[in-house]
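We just call them A, B, C, D, E and F in the order they show up, numbering each chain from 1.
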Amino acid sequence: MDEKWNHFDEAGNAVMVDVSEKAVTVRTASAAGAIRVNAEVMDAVVHGNVKKGDVLGVARVAGIMAAKQAWSLIPMCHPLCIRKCAVDFETDEEKLEIRAISTVKVEEKTGVEMEALTAVTVALLTIYDMCKAIDRGMEITDVRLLAKTGGRSGDITYG
Amino acid sequence: MDEKWNHFDEAGNAVMVDVSEKAVTVRTASAAGAIRVNAEVMDAVVHGNVKKGDVLGVARVAGIMAAKQAWSLIPMCHPLCIRKCAVDFETDEEKLEIRAISTVKVEEKTGVEMEALTAVTVALLTIYDMCKAIDRGMEITDVRLLAKTGGRSGDITYG
Amino acid sequence: MDEKWNHFDEAGNAVMVDVSEKAVTVRTASAAGAIRVNAEVMDAVVHGNVKKGDVLGVARVAGIMAAKQAWSLIPMCHPLCIRKCAVDFETDEEKLEIRAISTVKVEEKTGVEMEALTAVTVALLTIYDMCKAIDRGMEITDVRLLAKTGGRSGDITYG
Amino acid sequence: MDEKWNHFDEAGNAVMVDVSEKAVTVRTASAAGAIRVNAEVMDAVVHGNVKKGDVLGVARVAGIMAAKQAWSLIPMCHPLCIRKCAVDFETDEEKLEIRAISTVKVEEKTGVEMEALTAVTVALLTIYDMCKAIDRGMEITDVRLLAKTGGRSGDITYG
Amino acid sequence: MDEKWNHFDEAGNAVMVDVSEKAVTVRTASAAGAIRVNAEVMDAVVHGNVKKGDVLGVARVAGIMAAKQAWSLIPMCHPLCIRKCAVDFETDEEKLEIRAISTVKVEEKTGVEMEALTAVTVALLTIYDMCKAIDRGMEITDVRLLAKTGGRSGDITYG
Amino acid sequence: MDEKWNHFDEAGNAVMVDVSEKAVTVRTASAAGAIRVNAEVMDAVVHGNVKKGDVLGVARVAGIMAAKQAWSLIPMCHPLCIRKCAVDFETDEEKLEIRAISTVKVEEKTGVEMEALTAVTVALLTIYDMCKAIDRGMEITDVRLLAKTGGRSGDITYG
């Protein structure tokens, strides 16, 4: 079997792959994603004040907490004790998009791409939840890895 | 304050809104999303056999289990005992997209949009995890609600 | 497809089955299981005193807490708000067996067999964990349903 | 107090024992267990095809995910970041038994017996859950450690 | 045995008590607690601005999410699907105390005191965590029930 | 920004701080807290026998299990694999107080204060839960750090 399909054994059964031979290095991953919202949601989020509440503040907490749970949500994902997690947001009022960007860091034998992606998706799902009474047509999109460092494949920045 | 911003109290503080006045009805929600993959991933997933293992089978289990955890991941989301959850997949070999579709059902005072969306996103994240050694440029996209039934807003199908 | 194989849809994909058409009734389930231990473990557990600590007390708490988590451990198991859970133990000093018996109660559309079985197995695993430094040959055995009441199939006692 | 009863302090109170003085080594554990089923279940599982669905595939995922949760289920069990987990199945059509075998690996100060045993029991409970509409007399049995390596007690294979 | 000690059976063993005979009513509980901080912490929290970040906002989210987990933390606590949860804060700059107040609502056979108390304690622990680099002498105090409504004991306000 | 407010980035957004530059050392933390109860509760707990059941035994298990979950409850708290956890109790029959004391140990880049404090608070909440039918005026108080060792700030004993 192709070595790259390492989430399966020779019989094709799913397996949490053995990473014990890999080196412990500092590894980081950064991911991003966006949610498309209507003008009313964008206005409230961007000009958020006491009256409208802090949608992005709640979404940030949710994203950070979810990064810590990636291993319990994704079946073949290794448990990891992450060392750092940040989630930030950018708002594009013209394109009516709120963008979430996460950064996760660990010193481990395996990377933190899934932690970074989980942080982004749960942060965006939280925005969806808190705004769904206003906008029923929101869409989560463009969720992808931005960059990773550490590990055998070295440092990579994605287009 | 605008009643629609009901995830915040009058002072703008986040709150899990009171749904006790709402009616218990059968409510369903269906959501979809896609992951863009390269040809090698698509080939393995579509012509999946014992050798390559059952990527979608694992992703389906992950999505269903995640639907049950939506309330623990999304801060202001109400805990619910869902009655049904299914996750299916469609593959578009030309567009190189795998699409996940979820359906969730409940008899409750509040809807299951977030459960359906969480099922889809975690199913797609699981595909990402199991194929990331092959394709480093995958992207999760088009995550949105397809339809909902039950509740005060009645039955809605999204475009 | 055979209706009894209802954990799969027509395409053979795993699904959390729709129980919304079933009746809400009081449902109970009782399960049992045993762990075979050596004489040293049996002596300590049976004549347990302050010096040896309360192995069964810890195992009881673990079993009750696990019953509440059955739905999060078993993929197609429905989330339920159980109304009662008890775990008891019997020790057979001749056969060198400690037997765990659980009872779970709910008012729901689906039964609590899995909750009762999960309580028993986690209680026995906890005994294993706390005694494994003494006895390396312990074995968990005879885990099965004792009885269930409520639901369409009525009251059943197993042999 | 007997040093082997190290899950209790001198007063007999349960304690999560201090493992900080132990050596970090590669440690593995392998466990097995079986579920006795009737002929109808065995036939469906062995000749499993699209129509009947992949019972063992779902059970494998459940077992691997449960190995990661052993520390949260078993009160005095230390949290661990496991490096590998596999769950396999053997079917004995004559004895009408499905056997689950797990292997878990870690580099830590304490072993992974409980992770291996938890993987096996939750995999078997999942088979139970998915087949319980067909067979009401299933029984989980013979759950035990097969082998362990690493740690002070060295490599051990159980009879 | 005294009926009031209903968390134990006749043999003195801990049990999750049977609440199935109780009436489903709307039940609320409100709890409060405080954390004593030094002047530097109080100043930052009260005059919190972008530079200092929103300690109370994060603590509020943590408290609400913890209310949903009370049943998984407290062994004999019944799982419940809460309908509403709010956590608010008051700051007393003279006494150097930050006070958390929670309100939880449910329609169930058992009350939500533990959910309200868990929300308060985890909110206060979160403040502790985020300020512990500044003040090493913080103290959580005065955690108690303020009021409850619904249930057999009727509406009660505590002094 | 003040370096001590390290749970926030320069823009004031909450962040799980980067601890990867810190040294791995053995770190311990000890915390304490008390619950004020009425005479009936104190009598039952102190003279606890089979009839009344082992309130403190259940609370100890709950506290130890909660220490392992501190990182999942407290948003910016780092996940850690704790090496040891103990929870003890002292009863002061005159002051009608039950005091919980926890000790947690780890070899990590960050301390275990939050784990020790979480163990104490959940142990006290469990006592509250099991005795709330007897005493409606209980109060949790004096929850604070007793001592910590390891880490840059060295060994500290609190007054």
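Operating definition for what follows: a residue touches a chain if its C-beta (ideal position, glycine included) is under 8 Å from a C-beta of that chain, and two chains touch if they have at least 3 such contacts.
A quick map from chain label to UniProt name: A, B, C, D, E, F = Cyclic pyranopterin monophosphate synthase.
The structure displayed is predicted, hence computed values, not measured ones.
Each step here moves to a touching chain, and the least such steps from chain A to chain D number 1.
Chain pair with the larger contact count among B-E and E-F is E-F, by C-beta pairs in contact. If you average the Cα atoms of chain D and of chain F, the two centres end up 31 Å apart.
Note: centroid distance chain A to chain C, computed from Cα atoms, is 36 Å.
Listed for chain F are residues 11, 13-14, 54, 57-58, 61-62, 65, 69, 75-76, 80-81, each touching two or more other chains.
Chain contacts in this assembly follow no simple pattern; the graph is neither a line, a ring, a star nor complete. Working note: touching chain pairs come out as A-B, A-D, A-E, A-F, B-C, B-D, B-E, C-D, C-E, C-F, D-F, E-F.
In the complex of the two chains, the chain E residues touching chain A come out as 54, 57-58, 61-62, 65.
Residues of chain E touching chain C in their complex: 9, 11, 13-20, 71-72, 75-76, 78-81, 108-109. Residues 1, 4-8, 11-14, 33, 44, 49-55, 57-58, 61-62, 65-66, 69, 73-77, 113-114, 117-118, 121-122, 125-126, 128-130, 132-134, 136-145, 156, 158-159 of chain A are the ones that touch chain B when the two sit in their complex. Residues 26, 57, 60-61, 64-65, 67-69, 80-86, 88, 105-107 of chain D touch chain A in their complex.
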